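Alright, structures below, take your time with them.
After this come two complexes, each holding chain A, first together with chain B and then together with chain C.
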Partner chain A sequence: MNITISADNTFASVHVELQPGETFQSESSAMYFATSNVNIDVSTYSKSGKQGKSGGIMKGVKRLFAGESFFLSKYSILDDQPGMLGIAPEYQGAIEKIELDGQTEWYCTGGSFLAATSDVALDTRFQGIKGFFTGESISFLKLGGHGTVLIEAYGQIERHEVQDEFIVDTGHVVAYSEGLEYSATKVAGGWFKSWLAGEGIVLRFRGTGYVYTQSHNYVGFLRTLGPMLPSR
Partner chain B sequence: MGHLVVQLAPGEKFYSEGGAMSFLDPSVEIQPRLLGGFLKGIGRKLFGGESLFLSEYTATRAGKVGIAPGHLGAVEECDLKGNTIMLTSGSYLAHTKAVNLSVRFGGLRSFFSGEGVCLIECSGVGKVFFNTYGAMVCREVRGALTVDTGHVVAFEPTLDYTIGGMGGIKQTLFSGEGLVMKFRGNGKIWLQSRTVGALAGWLRPYCR
Partner chain C sequence: MEYQIQARPAFSYLDVNLNPGEQIVAESGAMAWMEGPIATKTSTRGGVMGGLKRKLLSGESFFQNTYTAEGGAGTVTLAPGAAGDLVATELHGALNMQKGAYLASTTGVKCDSKWSGFKGFFNEGLFILRVEGDGMLFFGSYGAIEEVQVDGTFVVDNGFAVAWDPTLDFRLTKARKIRSFLFSDQILCEYSGTGRLWIQTRTAHQLASAVYPYRPVDSD
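Up next is the complex of A and B:
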């Protein structure tokens, strides 16, 4: 299998070359081209076996709370030739690869998961009460197992090594590794104001690990743009 | 982000889609033109197709004109030497004088292609410029290629396509892909890595 992220960083996409027998998974509707020998199967993965960890109706619903799609698309090759497929996000921005070594789990904030190799198990983790204040989705997607994960971002992606403590503004977290815990704290102003506006709250990460951030925050942009558009 | 700056010698002409001009030297004249003439334009509009308004630029003295597409993305230059290229209706940007454009109805299937009902056939000798929303991805098709609706920008006429679902009923309804275009033949195809439809879907939860 060959996973290549396009050189264009602003409207990044991924090309995946699959050999016969290999499979791949992505959020639904992410595929934008495929050779004719690529098959799409769609499910919440309620089959037993390795995929069982990501499956079932409830898992699908929980993924919705994590800002992800209810269904996952799984790609395989129909004949004995290699095949190619292109995966693209809906919005503008970069894509990054995270290699999972089977030891460390990763968390993806809402909507940041794009695709992964099939041995990566997707689960969700409810963020607790703080999840309502962080400006991120209420649940995060938990990624475990062995393989490659592709995350998408609004804007550019940067990786930060956290030794002790690191602060990220809400809406800018893409993914983080499991050695980190975070709390939502205010940056300035009173608690009440911060709570109402969702502003002035930042995520304080503690521990050892890595955080991926995105340069831009689309929530503010969409909240400004949305009301300007004619109603449905 | 792709856009064109065209330097014209005295007497030279250039054409772009209507409304694409972003800056103009005073020595370059701009005239509106309708591709295929007025009556055909009306007919196409009634038919629900495209009426292609063009801007014609004529340099009385040397001068420059800036041409910008409506979307953020790439601009590709295609050098025609008597060959033909098919453009989806939103992707045409500009062309030089000896290139012929004609609007082709895509057939009933094109109502579902997400590309608009008309294709623009460009032939002749000269340059044609087209643009994408997102990054431009060029692929060489050998036999067949499946492309998600809305992602096609241009293709060589040696390719033909049908509209279909991706696999069975379950896949078509739930894979999120909906309908796809299945291209057959050998030739080049140009794709874009984003669609305005997907952007609208992304925005929709935030609209009142």
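Up next is the complex of A and C:
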């Protein structure tokens, strides 16, 4: 298998070359091209470590992760020739690769999961926080096993090594590694001051590990554009 | 004539250096800046019917502008409406493109709309743009553009094909084992034959769909 990420940070894309017998998975809207020997199987993700059509359509139908619905497509090769598929996010920005060594688990937001090799286990059980005052929420996908994960970001991706403490606004978190714990907090003294600061919930990461951030806030962008359209 | 595509792939624009007497044709509104003794002539390039066909059927502008360097050298910089990527190609014959992809060309290249039949129904309309002639052609789209050599069959998500050689045929298809009631828009396009195919990595449609739920709600 060959995974090639384009050098471009704005309209980034990935080309995945699969040999016969190899499989791959991605969020289902991500495929934009494929050689015709690539089989595309769309399934709902039902429970930890096991993806498949079990669990029924209703159970897995729409797991809403910060407004995203979550469906997976699984790719395999139909004949004895190598095949190629193109995977791209729906919004502008970069793509980053995280290698899972089977030891450390990672967490990424539902909206930033793009694709992974098939031996990566995805746990979609809700892990996150919901703000009562601000109505913001964030939830994470647990990524475990051995393999390669591709994450997408709105804007540029940056990796930060955390040794002590690191604070990130919820709209800018992409992924973090297992050695870190987070708590929801407010940026200024009280809720009112935080609201004044324009910040709602921020996440305070503590421990040792890595956090991936994105330079821009996608929902913030949509909330800026949306009101400019005719009302419904 | 010399040209250079700048700022690929996010904000691509085209710098054209014209020697005295040389010309470049561009869609209306594409000119961003120019320098030197450049004369601009606006015409429908094909009469009223040609202009109408171009506008209504293929998403291009009714008028086109011809820029001529008169009596000296000059430069014209052209930019497409949607920020994205641009491709320069030498055309000898014809090329099919999605509506709105045409940016500019040398004068020997003409645009026409072409009926793509009902297989084009789920695309941005029933007509695609057919460009014919001899010369340089510049086209683009939102997203980054990748060129693929097709030999056999090749599948592209609907809306992601920017341009293709007329030696390629296409038909609409669906992903296998798909739960179609959940995915009303998971339509794929299968290209067959031998030829070049240019694909974009994002569509403006994806952006529009994402913003759509954030429209303001009517207060009454």
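Just so we're on the same page, the second predicted complex is superposed on the first by the 183 of 232 C-alpha atoms of A that agree within 3 Å, B and C clash if a C-alpha of one lies under 4 Å from a C-alpha of the other, contacts with A are read in each partner's own complex, and residues count from 1 in each chain.
One rule holds for everything that comes next: a contact is a pair of C-beta atoms (placed from the backbone, for glycine too) under 8 Å apart; a residue touches a chain by one contact, two chains touch by 3 or more.
Please read all numbers here as calculations on a predicted model, not as lab measurements.
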{"item": "Three-chain arrangement built on chain A, chain B and chain C clash or fit", "value": "clash"}
{"item": "First (chain B), second (chain C), both or neither touched by A:Val42", "value": "both"}
{"item": "Chain B versus chain C as contact partner of A:Leu222, first or second or both or neither", "value": "both"}
{"item": "First (chain B), second (chain C), both or neither touched by A:Ile5", "value": "neither"}
{"item": "Touched partner set for A:Gly86, first chain B, second chain C, both or neither", "value": "both"}
{"item": "Shared contact residues on chain A - chain B and chain C", "value": "6, 8, 10-13, 28, 31-36, 38-42, 71, 73, 86, 88-92, 222-223, 225-227, 229, 231-232"}
{"item": "Partner chain B, residues of chain A touching it in the complex", "value": "6, 8, 10-13, 27-36, 38-42, 69, 71, 73, 86, 88-92, 222-223, 225-227, 229, 231-232"}
{"item": "For the chain B and chain A complex, residues of the former touching the latter", "value": "1, 72-74, 134-135, 137, 139, 143-148, 151, 166-167, 170-171, 174-178, 182, 191, 193-194, 198-199, 201-204, 206-208"}
{"item": "Residue ranges of chain A in contact with chain C within the complex", "value": "6, 8, 10-13, 28, 31-36, 38-42, 57, 61, 71, 73, 86, 88-92, 222-223, 225-227, 229-232"}
{"item": "Chain C residues touching chain A - in the complex, by the definition given at the top", "value": "9-10, 84-85, 143-144, 146, 148, 152-157, 160, 175-179, 182-183, 186, 190, 199-202, 206-207, 210-218"}
